[in-house]
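Next come two complexes built around chain A: one with chain B, the other with chain C.
Our next item is the complex of A and B:
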């Protein structure tokens, strides 16, 4: 299904919150729009709920893989080539612990990097409306919706006194055009 | 822009940072990137020149004295261990402050984290030193003669630490890199644009960043502590016959944390004095870190004493030889200086409230600690690299102290200069203060009038 994007740019926090409220009143689900800003606002500022993320899974999987690799390298090699030295135990535990720990940390690190790239969509593969004014302190409200609801989104965004409203075709202005 | 850093009310100073508007913070950060003063440029070029001279000396040393002579590498190892104890320790402080969720730390974090950019220097020095380290077969070490130890396994630890450090720095800088990408001239091209990637500041990205930046820092600390533990064993304990100790790795790590805090305070003082950051780095930050520095100076003594008393009370010939070698005879004066600069002077100075509660007091003590840590590392590494036969079980003959030559000094200053140059060049593209962190703090902290005084009101969203 085709998805259209509309981006409202707001100068201050109150206008942006009003725009989010207007979108909800117009029947838009919270999942249909997102807030863009250059600094983090406290959770729930725009009425959003805590999103579900799977970030914790990545380091856990990485750590498990790294630990398994460390165990295989250390324990596996000693068991595969059993050379008893001076009557001492076959498995040399202290260096095994260090190497397994190294493997665990390395695996956790690599998978955390992958998790961050995946969960935050960096790099972004798809299209997304963006405006550099957002990193200059403006707040963006990005709506992703069906083509037939694009004009409804523009109207809702305009009710909160935006600095500008952008569509995939370009700027449509912050205020509605005067009636002919 | 505000001209004064603090407002005084009933003897308490309220820092101006939290009375600034988000726009002020953004402008300050971008101004930092856009205007590269002559002072910063000269300092960066001087540090770079030192780094290049150090690199030349690194090549010249082995050519003149032979690669196999381990003593020639003593000051390369000192430079390596010193950077590991200072520059690599500073991001651990940043992690601790983040995990504690204190607001005053917001302008401090970048001053600590930026040192992670220098991790390539100790990594390169380790790779050079790797060949000079003897294998662990037929001698006492943490590795029990494990294949390819210590070379491969230390290298993996070092590479993991460097990777974790760069990842942590990148994550904590990501939103500000996006600001530079969009707002600074030429930001859309080259390295900055690539590092900023597709950061747009969406709700999903912010929630991810806030969660993972802490985890990345914790991951860094989890790699740093075992790395220092293993390095303490491979560069000191196992190189001095008869030095059987379980406390030294903890001493080595704790004293590194102390030096990491000291480095952060000195960095803040430099940024405040010559970087125009008086609005962001004020009494609140120096006072808080001064308390931490005092605590770690006391811990320095605790761990040193815990180790010393065992050797002192045991008094076997093996223990007496070790004490004479690293503390009481051969390296007596480096030890006395290390004791004074890492513990005695910080305690005697910072125990006084008015000094601790100042900007100059913690800064001077931080400088003292950085010097003390360097002398301590010179003592320990010189001792470790001067024993001709490390396969014996005790020191039968105490070696003479190693006196550095000109090349050694050039190598040491070069490594430090190279690290400083990397930080200064990084600050050409990385805003100070951290725009996103300070602005995020502005939403949560206000100075408000309360009856006849003004108070700090802090919001706790969690």
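Our next item is the complex of A and C:
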């Protein structure tokens, strides 16, 4: 089923919150719209939380991979070319710990960043309605809905005094057209 | 405490993007001046590669000289950048906002400069790189992981990778902002770096969590790196190097010099880019108070290192410590370290009016790093300049003009890279400044109207 996008652009926070409320009152689920801004707002500013994430799993996986790589490099090097020094054990644990520690941290750091990108859905190369006014301080409310509900979304967005309302076809203006 | 100026979002963007779109005269002076010193650096390195290590002051047993001293110094400088950024993020300190970006960038460029030194120091860098990279087993090359010269690159590469990822992650929203305001090659560059950032709630949530997670992960790495750098020396048998206190001593020294370097950078950014609205006197005040504690902690470890060398009454340790403390030129260096590293700056920082004076903070931070460079030299060189049992020769170390040029050039390199960065990327995080504006409020407390920050726990 085709999905249509509508983007409302708001000058201030209160209007954007009012638009989010209007969308909910018009029967739109929270998952059907997202808020775009140029800086973070506290969670829940525009309603309930925006989905679960598994970011915390990534550093753990990375740490495990890094630890394994560290173990392989240090242990593997010594076992592959056994060189007994002064009758001491072949595997020299203290220096192994140093490199395994660095490997663990490196893995955790790399996987955390990969996790951030994955959970943020970046890099984003798909098409989505966007307006450069968002990075200039305006707040955007992007509705993704079925084509038959597009006009309902536009109406709901217009109730909160938007600066502009954009559809895939272009701007439809910030205010409701005068009644015929 | 909060002396926030109430600026609109557009004004914040315009002011923080100013270095990207305009080049003040002083910036040109910086580019040309630093570029000239950098040219000398390149010439000195080329000269040394062409003629060999004989053009330096290195000879047996002084196989480590200015370049290794400078390596340790720059590793130290690199430390405080990410440390400050990570600690302030974890504690949600409000004054972090204008400081973190520049501190993180300084970390990366200092680390890169530091890493150059051991490679140059080998005299034939291409051979070093050929044998070391990639770390492979195909040519029956089995690097001994029991040696600190393997631990060291592993730690530094981890730190450099982590710091770069940390910086890049926090840079993405600003790249989107730049993308939306530029044309031409800059637009292409920022579009690629922004990765399609749109600024939805989920992306901001991930950005916030990433700040905490990466800070928590990078802090232990930062401690480990300078510990491991200290073990380059401490696991050897050279007297006065072979000290268990070296790891924490190097770490606190790194914080002392690095935080001071952040102060230097803050002052320069304030003057050069006219960032008075962002890098405010309260920031110098706060960092000055931090420096009093850090400097005093460093002094304690400095004294502890001397004490540990004297207390066991071992003849060789005593000899070198006597050499360090009472013989020319190390006696003068000892005085320099004490005076510049502690007794000039710290008593000055005790007074709030001096902490809130940018010029005084700038010059005291420079003094600390003069003292700290001397301290690195004082720590590393005397132990090598002595004749030991079963050694055939010993020599005095005199750095050549080539080595001096390399050291001077390393400062120019970091400065030049920082200027280039500021021409391409905003040196203060724009989105974090705007986030601060969203949460800033004015509260009436009795008869006083105070600036306050709403914070979510």
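Criterion: the second predicted complex is superposed on the first by the 173 of 180 C-alpha atoms of A that agree within 3 Å, B and C clash if a C-alpha of one lies under 4 Å from a C-alpha of the other, contacts with A are read in each partner's own complex, and residues count from 1 in each chain.
The rule we apply is simple: a contact is a pair of C-beta atoms (placed from the backbone, for glycine too) under 8 Å apart; a residue touches a chain by one contact, two chains touch by 3 or more.
It should be emphasised that the depicted structure is a prediction, and the values quoted were computed from it without experimental measurement.
Aligning the two structures on chain A places chain B and chain C in clashing positions. After overlaying the two complexes on the shared chain, residue contacts for A:116 are found with chain B and with chain C alike. Of the two partner chains placed by superposition, A:84 touches none, neither chain B nor chain C.
By the touch criterion stated above, A:2 is placed in contact with neither chain B nor chain C. Under the contact criterion defined above, the residues of chain A that touch both chain B in one complex and chain C in the other are 34-43, 46, 50-51, 53, 55, 59, 92, 95, 98-99, 101-102, 105-106, 108-109, 112-113, 116, 119-124, 128, 130, 132, 134-137, 142. Residue ranges on chain B touching chain A, taken from their complex, read 22-23, 26, 142-144, 146, 149, 153, 156-157, 160, 163-164, 167, 171, 175, 178-179, 181-183, 197-212, 215-216, 219, 222-223, 226, 230, 435-436, 439-440, 443-444, 459, 461-462. Contact residues on chain A toward chain C in their complex (touch as defined above): 34-43, 46, 50-51, 53, 55-56, 59, 73-74, 77-78, 80-81, 92, 95-96, 98-99, 101-103, 105-106, 108-110, 112-113, 116-117, 119-126, 128, 130, 132, 134-137, 142. Remark: chain A residues 34-44, 46, 48, 50-51, 53, 55, 59, 92, 94-95, 98-99, 101-102, 105-106, 108-109, 112-113, 115-116, 119-124, 128, 130, 132, 134-137, 140, 142 touch chain B in the complex. Residues of chain C touching chain A in their complex: 8-10, 13, 135, 137, 140, 142-143, 145-147, 150-151, 154-155, 157-158, 161-162, 165-166, 168-169, 172-173, 176-177, 180-181, 195-210, 213-214, 217-218, 220-221, 224, 228, 431-432, 434-435, 437-438, 456.
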